[in-house]
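What follows is a set of structures to go through.
Next, two complexes with chain A in common: one pairs it with chain B, the other with chain C.
For the complex of A and B:
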């Protein structure tokens, strides 16, 4: 009762007297390892060795997969159709439901008092984006729009109308912006990029087919007019039947109004700067030509 | 190598046949290919021989190859389990061109003959042929074996007409 118990107890004392562990002392748990089939040995593995009786099966001369004895095989009878045509040129957007976004905010994995970017979403392990698989970013999906209750400044690549309405109803701000594949790769993994020692590149503008989407105020595109966006916010509030809260009187108005420049990839970092991670320094270009290029 | 051989052939021919070869370089190259397939020793022995009989052979091959071009190019339909360069499985290209795999495991295809001899088919039959159809279990298993895991991944294309079919709904078993 008053004696302190030694950790391990009797087993530990016995272990102290046993010899050193070597390969000669170790053995797998009986029944944990099943022996593989050995063909050509014994009553069951021998004789025809599991190959059947005569014919192509036993002799190993079966024709290729899909061959139907000379008849035009099924996979060639069917006519070609462009199901997969240009699949590697089609942009893909990883879906993010508002339900999952609310879940991440509730768990504290995403900070609603800071602007929410794709970097923040990936750091929080909320989405997994693969730029090499033609992913162009994240799209907001309607699921969970009725239970969403968080005031955030979020930037995604695509968003459905219901999702935009759900965010603005709670007094938040949503922007859709475009990232070309290289910028996207840098955005989702900033630290490996900084260790490379290359200057931050300019974010490229969207291609011809995507410009109308990002220039449209209804989609809250980053290329659209600020005045038109305000009108679109009012129109959406009328359509979905909620009162648009006035964000200019909000405490976090400054944070909600933060938006990236068209050519900017990171908040607070301009294109052309080099980030030195080990020495914690930022190097900015001074040459005129470089400044002209990175500011254009 | 075939191109070099054909160039050598054309260069050794007389001026008359040079003009012929220059007008139809494709047939000349195909002729060289077929000659190679027929028998390399004959080809190596021939160039310094009579250019007149080469002319005759060239024109004969022009006629023959125009009628039966398939003899010159045989398709290779086998499935590669270990590729030469990377040692990986390869997909069969014909499957990718004709079928679509949904993420739930179903494969979609067109009906054979949906654009052939439609004048003799009645409207109901034409409508049935225009439909997109599923493949059955054995066919689906075959197509799964003929493609790599890349074709089985989940895709989130923009404005994909097949998005709502990627998942099964109300399936009871």
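For the complex of A and C:
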């Protein structure tokens, strides 16, 4: 004789008959909320109320932070030097380790079967980029290069050599590209931009100081020659001692070969288009001058 | 077993996330028990565009604030409500005059890639030229160095030699003066100086005599052979 066992049993029966949960039925776990100190009350909180005995401590007239009784304080003794000079004009790149990238891919927050962009990284809450704080994007960092095992098509703003090697070793593709601050703001928050009703702007080219970086094949820059990039891939494989997989024979070759145009911000959207979010429409300009400007 | 559990859990997760269509893409993760499906989705914040009760301000009314009558605000209305806002989409793009201004600004402040590369190449060439010139100069000077060192050393040696000789002469004169006068004379006194002057005169005379003798000897040596031949 075997009776079918109900999951939960008696507890389930009781739960069914209990009243609904309201504020009147709830109470915090005993010991979870500690009472705060109340000064000036009772034997322990009263008398001097935790202020000490006489002097500036009790009377609350202590001098400012850093004051050393008249001796030249530490923060004035040390002479000035231009370590932080022009710090607000220096471009910053939010670091993204390969370990964290692998973590995001493993958890399913980033899709490796689609090209990975800064938009995807921000949507997955993998990085937080603040264009207003002189952030110019994301940089790939070596940490986790030995455990990285994902074939991806990723686009970042800066990457170290080891990171490039780690990605290409797994048959992936990495590109470094430049986004000027306005384009960056649009890239990380596309939906608020589309609700602004502006046409998608052209991505500006980097300044003269950054052009050498992005025109160099060793950095996989987006302005570099394709042939030179292939040579650089081979050279890097030789340097780090791995066999470069042939991506042209890959199933996902079409996805891995997807790259943005120099002036494009989004995959599939050209500069000059207006996105109508509520009606899910895209408006494209037809005027020749406008087309010429947006396609230049 | 684990794979199937994961599958079921993933499927349940997909169903409970409301408003999300079935996963846009499926991840394939290799595990020991074989291929495992993993759903790649995220839950975006609901976009509250308020389409069904839009607020479109009345342009002719005085009470509407000025900033709600600007073109920028109209564009935002269009972006938010679409064609319900009643805006002509053609006004979203810059007008011809504005476009001209934009193009002029871009040509001035954002040179094309070729121009930038040319500038960079020029700067690099200039720098390399400077560096090479400097290095050349240094190399040339370094080549001259051994000779200059030798010259300097020679001069120092000669100067030292001269000094030594002078000192020796001075000490000889002092000794002579000592013999002559009988006591150590101060070299600065006028007696000493007179003595020195006398000695010099005598030496000059001797030299002249020597020269004359030499000349006579030469003349004597030259005359007899001529006479004999």
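Keep this in mind: the second predicted complex is superposed on the first by the 217 of 296 C-alpha atoms of A that agree within 3 Å, B and C clash if a C-alpha of one lies under 4 Å from a C-alpha of the other, contacts with A are read in each partner's own complex, and residues count from 1 in each chain.
Keep in mind that, in the parts below, contacts are C-beta pairs under 8 Å (C-beta built on N, C-alpha and C of every residue); 3 or more make two chains touch, one makes a residue touch a chain.
Being a predicted model, the structure only gives us computed values, none of them experimental.
K.L.:
Taking the superposition on A as described, I'd like to know which of chain B and chain C A:75 touches: first, second, both or neither.
P.N.:
Touch status of A:75: first partner only.
K.L.:
Just to be sure I read the superposition right, which of the two partners does A:139 touch: chain B = first, chain C = second, or both, or neither?
P.N.:
first
K.L.:
Figure out whether A:92 sits in contact with chain B (first) or chain C (second), or with both, or with neither.
P.N.:
first
K.L.:
Would you check which partner chain A:231 touches, where first means chain B only, second means chain C only, and both and neither mean what they say?
P.N.:
Neither partner.
K.L.:
Pick one for A:66: touches chain B only (first), chain C only (second), both, or neither.
P.N.:
Only chain B is touched by A:66; chain C is not.
K.L.:
Go through the superposed model and pick first if A:58 touches only chain B, second if only chain C, both, or neither.
P.N.:
After superposing on A, A:58 lies clear of both chain B and chain C.
K.L.:
Look at A:84 in the shared chain and tell me whether it touches chain B only, chain C only, both, or neither; answer first, second, both or neither.
P.N.:
After superposition on chain A, A:84 lies in contact with chain B alone.
K.L.:
Can you tell me whether chain B or chain C touches more residues on chain A?
P.N.:
C
K.L.:
Once the two structures are superposed, pull the chain A residues common to the chain B and chain C interfaces.
P.N.:
none
K.L.:
Given the complex with chain B, which residues does chain A contribute to the contact?
P.N.:
Counting only chain A, the residues touching chain B are 64-67, 74-81, 83-84, 87, 90-95, 133, 139, 158.
K.L.:
Using the touch definition up top, name the residues of chain C that touch chain A in the complex.
P.N.:
24-25, 27, 29, 38-42, 44, 47, 49, 51, 74-84, 89, 92-94, 96, 99, 102-103, 110, 112-113, 116-117, 119-120
K.L.:
Could you pull out which chain A residues touch chain C in their complex?
P.N.:
Those in contact with chain C are residues 105-106, 108-114, 123-124, 191, 194-199, 204-205, 208, 211-212, 215, 223, 272, 274, 276-279, 281, 283, 285, 287, 289-290, 293.
K.L.:
Touching residues of chain B toward chain A in the complex: what are they?
P.N.:
It comes out as residues 77-79, 92, 94-100, 108-110, 112-115, 139, 142-143, 145-146, 153, 155-158.
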